[in-house]
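A, B and C label the chains in the order they appear, each numbered from 1.
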């Protein structure tokens, strides 16, 4: 039972990071129809900038805030440089433009340093003991941030004017333009928002792993699998998918073998797709690829 | 199928044979004359060396050894070069990809005309390229690639400067065997390539050289550092006298962080993936990294004064990179190359490099490097005989200073 | 009309003459890189059938490329002559492509993409762990090719490998062109652009897509098999995301839905990768900037955009 609760906490914690990634990816996908392959690089950039600031003596909280802001700015740059110029081009072209941005970002970080460094955790204690259960408190923080971010976004999109406008624009781009909504501003906001979520995910995950130029590669793939599991294009699905991927990975590590843990999530995705081609929550609507 | 005209050929044969013989004679004279000419990459004023490493990509952290080597070559040039010749360096990024490594080797040999190649951090890529290296016959001196398969079977012109993975495993087995109380051993390793192949080699070595010790369990750890508690608990259940763990720095930190508080207090032994002082710094506590022995390919502790020159040189050329044992290791291979090139004097040919390498002992921070005349059946002829030691936190110090030990009795002496 | 026809034969013939002359004009390094390009030309023109023409988000490139290298390489270590190992690779690609496609082709775009990644990961898992058959992490050495038709002698020289590669790539190219212009090719186009119309025209979209997967897998496997011979060793790590990305880029840069474009993309990317190796430390940045520039400037791939411009120019001359 103890093991089970430990797996649950670790799995949900790790899963929260994947959920934040998948959420950001889905938001960008829904509003711009582009699958952002630079998401992993943004995740990494958040962690890297925060760590460099901390190493330079900046306080933890301030470093995190600056890092998130910087990555949000990078998201805006990607929007202007690699997305808007290709607005009417094929999907594949747009996707590869995001990939090119990823390469540039990873390249810049790799140029600065090849070292893999550890990031100090938010709370000084490395493990907490409650009864017979020991766990890393970082996991609780991850879950907490997901809950807060998720709630904030849900409230924003539902109850604020900007949120409603963005939703309308996301649902029907043409209609939104006709009605006079500034869709370019919507794109800018969504890219910035997506990048922010990626940066938050990276900063949360960094203390449990190593910060290096390539740290975003695997989480990117896992986030894609999470989106598939939960239903491509579905916002609640991305969160559920992310949490599931975290649980499957941790559960696979614990109960079966650590070799399997890495692929357990993907095998689950494969099986799910064979049985239920639309994922858990997917309605299939947002999966149409106009023209490849 | 034309079966005709033998008679005609026979009549003209004598004339043709004479012409052929004369041509051959002339050609061999010309060839003999040109054999005296320099090998590719060598002029009166320069020797061209190709340096390859995974400067970018997931293995880029290991390219620091190649950076150290290049810093040393640059320093040698600043001090007059080698026998009046400057070292001309051509570098290339292999990204740890086998196909790219082979293409780079071909480029170095056929386009850049280098004299020799200094490089190699990625074992699988080098193993794949062995037939090509052998075919070219160019002196190839590796920098930090560890797999035993690089020099097993050995290739005449491929010099494997490293305490190889099987030599490291043997060292661990001997270390365990030198501890008379080590009757039960526990093994644990991350489920990535390095962890699994290393622990399998260690298992073999233990079964051969440490027979008094019984391997009671072999656990898997998550390479990403996920909670290792189940593995730790299974290890503790067998009450091991010594635990051998193979994990890269991050998962190792997680392991140590959890293992000690949970009661696994016996000695922990690992390969050369991480050092005790490094772990103590990461853990923020000396206590968690005590009694932790890592394979260490150098004669003196990491912070010893004898390493200061290299540290300064590296910091001067690469101020943004961290100084660690990966970087320090590059100095060994580079020193070897420089000394052999010096020892060749004015006879700078590839063949002479190989012969000189086989007969010259080079003093280095890893001890004496000595190869021997090539024997295709003996892998040791292409290994320099580095006997790895172990680095461990100095039991008498309060900070993160380390000492170097070779056997369990060394350790007991150090503790007194 | 006949002038255009003549023009369309002259260029390929001229290219073929250049291709035959190249090994005698360039050094061994350049010849090897072109040899590699041939293996990738085969893979790319095949991959385009699924990704470009049929419009499937096929993330299967490196999975089948690796499968071909594995099957041909393994058989080669058992002494099987190269003609047969290459045929076996093609067959393996087709069979696994069929099994994979039959299960996944009905899935919608991005879901199908994920299954491609899963296939790649599962194959990699198999290669790494079934040590007895696959050699595990460090794989196995692939011996030099030896063709029955050439008397069984082993080919070692860079020039010999080059010409064999050329002899494999040219027919592969021509067949891909023929397929592209055939009814099958047209059915892919309709299935991609307007699936509803396709059904109305009596085209079984599912079957057309499955065929695209099978053919592309067979091509990828053949390209991979030759890649294996050129690489001297089979390594599981060579057939993961980097390989997939390379194949994607060849199609994107060269031009989707164009056999010539894919082939051109293969040559460009192989050379570009090599060129990048010299930019120690900044290769990723240059890679990204070049890719971005390419995507921003050449919306239909280099070949697509150039052939459009060239066609306009040619037409203006007539």
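To be clear about the criterion, contacts are C-beta pairs under 8 Å (C-beta built on N, C-alpha and C of every residue); 3 or more make two chains touch, one makes a residue touch a chain.
This one's a predicted model, so the numbers in the text were calculated from it and none came from an experiment.
Because contacts link each chain to all the remaining chains, their graph is best described as complete.
Looking at B-C and A-C, the interface holding more C-beta pairs in contact is that of A-C. As a whole-number value, the distance joining the C-alpha centres of subunit A and subunit B reads 39 Å. Once the centre of each chain is set as its mean CA position, subunit B and subunit C turn out to be 36 Å apart. The distance from the centre of subunit A to the centre of subunit C, each centre being the mean of the chain's C-alpha atoms, comes to 32 Å. Listed for subunit C are residues 281, 283-284, each touching two or more other chains. Multi-chain contact residues, meaning those touching two or more other chains, occur in subunit B at positions 55-56. Looking at subunit A, one finds that residues 107, 110, 217, 259 touch two or more other chains.
Note for the complex: subunit B touches subunit A at residues 55-58, 60-61, 63-64, 190-191, 220-227, 229-230, 249-250, 253, 257-258, 261, 282, 320-322. Of all residues in subunit A, only 35, 81-82, 85-86, 89-90, 92-93, 96-97, 99-108, 110-111, 217, 221, 224-225, 227-228, 232, 259, 263, 266-267, 269-270, 273-274, 277-279, 284, 287-289, 291-292 touch subunit C in the complex they form. Subunit C contributes residues 51-52, 55-57, 103-104, 106-111, 114-115, 117-118, 121-122, 125, 129, 192-193, 241, 245, 248-249, 252, 256, 281-289, 291-292, 295-296, 299 to its touches with subunit A in the complex. Put simply, subunit C touches subunit B in their complex at residues 27-30, 32-33, 36, 128, 136-139, 141, 156, 227, 230-233, 235, 237-238, 242, 273-274, 276-281, 283-284. Residue ranges of subunit B in contact with subunit C, taken from their complex: 55-56, 91-95, 97-100, 102-104, 106-107, 109-111, 123-125, 127-129, 131-132, 135, 147, 149, 193, 196-197.
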